[in-house]
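Got a structure here, written out as structure tokens. Questions coming.
Residue numbering begins at 1 within each chain, and the chains themselves are lettered A, B, C and D in the order written.
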């Protein structure tokens, strides 16, 4: 097998902390894909795909139904489209990925629904901030009422909803007749941070559908949408096909997931990424713009300081008046420590 | 590397001639994917994706712009959506894949446009059959006029449009103010059959956008949409993102294509599949429902005969009152000859 | 009040048999509109609109819910959109108005659904012709299955479904899990022809929603969609608003309908139109392309014959190799007899 | 003719200041509708509709193209749909009617586009508030950039953009490559307030399309969309049909408009409404929440005060912590003075 560790070490240094989106595929995932070579029934009729529901149901301790998709955008928007009719809306945070970074996909998948933007510290929504936003909306055909809430775990600001926070949203959603979707592009990092069961911040807390991120965590082209309500899943399969997401060789996507779930690789990878972020944070002191609760570190840095870090070989994106540093499953602790020292010595 | 040949030999025999959709990934493609492990800019900003336009432009002898997508449905429907507004229509054959087998994707990607169904022997459209269908349509707002024609190469009946036939359609399309799209899920097989330059049945013949199939030909999750008109490509990029097709690790898709185009692997694989189909056809005699012009063999078979073939271990789908046998890049000639003998002895 | 009879007599003769779409507003309808001048709650909150459900429920002998809309296209497409999801389809006749003459409205209102075209003599569908068309469609996500059937009463060929024919379709629809919509642009003419109760060819025969035409029958800008299933009506109200059909002075539309239903004016007007068509048909002999069952007469006429009729002052549209003559509530019997004589003497 | 003045005097007093939406049809408009009774070519092919473009072009001193529609929602959303593709967006004020009160129509007509909400005192946008909102949006496929700005004249807070304010927005729009739409549900009231030429706050100031309100100003079911760019109008005609807005007896809508434009009735009616609002404002003192610049008066009123006014027979809607009083062309000055006195004596 390819030595992915070697691969990253050979890569352009400047890629390191740009995004977990850029990380290589994990060797165990490659191995599983190769093992899927023998032909099987096309689309989602293969034996590997057939094992996914059971594998995820075991992980979450609850019956669920799973679809593989090629991107997080597809995962989020398929989930939303099962919850929100074309004439409806979903509430999300003003900084939510579905609002800022998924182009027109939400309107495309829902065929016209609206995103209603609410506020909240650290990228987190709460029943109070949602109510403040949606309570004034007219309840007749002249207004557009939401049918769903979408939250991001971990948030776009790198923060993690606790089980109690999710449960409060779940309870609010049920009371208001709303569905609850979780964009879990970094769900694994959140679970690793909390040390809780995966279900504690999802199905047990009232989440109806979860976009379970895998690509940032060692996979390639294989995210999952997990439906804890099978009524939604049936609709999802239609949208899945409609959006050209039903791949003919689905066994290669299912294989990735099965490898990831086996022996807890998904959690191990997330823990590695979180540890790497913690190493960086050690040098940050009061530069930290947000508590580090996953694999993202947001730092207050002047333009000059950012320039100095980049000149020293560290790659990262600007984030407002600072910088965002993202670690991944393969981040080299030595690199992180070097970055921490460089920050401390600014 | 995994020996894909070994893989298929171990597979359930009954998979053999069901569909080229089920074939394994070619070893050279695996190799290229592994080599893409080093991190690079996410989405389509990586160096490998950056080389695609040039590689395809060289292949077609004409400037073109290329997007990778995960499925043929996405390829076809993104192309259509660049050509057809929500209030418009595309003409296709009554048996076209976009009509019969892509679910509601055409209406989804175009956000409401219509497919207008025309006739034609062997799954082929001609200017005459198109005109017969669209000439009666009202030319005011009360009618829905087409803006594009979509043809399949090779067709759903396994037939291949000659360069002259495509050129006639291209000329008709220009005269009528219509765009021309080619669903080339088996474009490689058509080129292999004709022995012509790829451009002779596409850009040189008036095709504006080509869905260039790769998954059936040895890849995985990586089809291409080739735009010979860059104005369409710009629009395509938006729809590409809208449909959740813009993968974050695009380099793994680009790598597959570059491996496929290098040294003509795409053509070599298609030739192998076509040769395999020809071997099957040898035993078919007057059972052939269509001339074999690619990698599909359609045979007249009674229910009892189909049962006997299956009992002998041959896998295939029913096709009306007969059966469809599809070969792939990895079809074992010995299997094909065994099948030919079995058919001849029915 | 204006004398509408005088109005039409003064009009350009050439308008006479072009379309019932062009007829004037009936004096009783004008009167009712004037009487609606006193301000009332905007949109559909006024007292007149509030009386519509009861008025229609009495007419049909069944509880129903009614929305006024400005056009037949809106009526048909709102009804369809309540029955057919964006990923679905409706079956209609190849010559149905929604297919040939409502532009892209069906795809617009349904946000992407498909029309599946079936055949049938005289513009009529039957369970057999529908089954022939939809039975071959795949029943998985790769195919687009219908959720509704839409029939036109009277048909585009001027034919009328009998109560038994509608009931057979209603039974088939229920058995197949399909909804049944009736485009009743000339529903009044059909009832007048059959001499049956309105419910006998609608709700009692399994119709779920009826586009009840009024504009061709003496109104202006006020069609009705009648829902015999209130679950559909709730959805309809949202689409009604979405399409900009919820007028602020709804009382002027409701007033028209109440005037039309009072004392059976709707039926009286339709009978007058049907009688006028019968007068024309008297001179037609074997020129009749279709039996005359309402207010449309389709005649076999050569181009020269059409020219001679027009030279004699008769206005009508070409219809294939013949002509279509449409009468309305205000057609002058003397004009019809003159036309009959002119035809007989060709 | 009916005496509309008598009609309103007989109406329930409580309707008076609820909304200009509820006012009766003006006698001159009724007269013109009656005169349109003689049959003419259906849809928009009649002679009266044929005169609209010229009539509006004369009014605006600029070549324009006009469509009648049945509602302001249809007018606004057709205009937006010509400017904004399904993957795009329009910027509007957080309190804009298209955002708060037109249901899901914007997403419906545009087939998925987004409204981007900006701020501004008195319901008014400015280049600065728009820039603040849209400048941070990503300029690649991951962000949704606007293609149009929509402003309301007079605004939802009853305020009027001056010619210079509109021109500044027009200049900004051109510089940013954006179209400019004006929701002129109360355009007539704005012109009456400013005493300017209609073009000075529309086409001459960079407005590309104007929803010209008529229903609130004495018409019924007949709003206009005025396109100062014919390229937009062509697209508009398709959407017009798609949304079921192309009425078959268009002559009755055109007749209303021609009556309204003749002799400046539209301006006379608006002036009457504005004068009525000014009468109310006389008693308001420092209760005025907004300067009165048209026919809307927003007052600070406690719940008890609102109750007292209603007990005295005055009808109006709550508006946040106050009340909104709307006058119309037919408001009785005596009623307005009575209201002013009642307010003053609270």
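Here are some notes:
By definition in this document, a contact is a pair of C-beta atoms (placed from the backbone, for glycine too) under 8 Å apart; a residue touches a chain by one contact, two chains touch by 3 or more.
Because the structure is a prediction, the values reported are computed rather than measured.
Taken together, subunit A and subunit B share the touching chains C, D.
Between A-D and B-D, more C-beta contact pairs join the chains of A-D.
The centroid of the Cα atoms in subunit A and the matching centroid in subunit D are 44 Å apart. Note on chain placement: the centre of subunit B and the centre of subunit D lie 52 Å apart, centres being C-alpha means. Residue positions 86-87, 102-104, 108, 111-112, 141-142, 238-239, 241-242, 246 of subunit A are each in touch with at least two other chains. Put simply, subunit C touches subunit B in their complex at residues 86-88, 100-104, 107-108, 110-115, 117, 137-138, 141-144.
Residues 86-87, 111-112, 141-142, 237-242, 246 of subunit D touch subunit B in their complex. Within the complex, the subunit C residues that touch subunit D are 1-2, 4, 7-8, 10-12, 15-16, 18-19, 21-25, 30, 34-35, 37-43, 69-75, 77-78, 102-105, 108-109, 111, 215-216, 220-221, 238-239, 241-249, 252-253.
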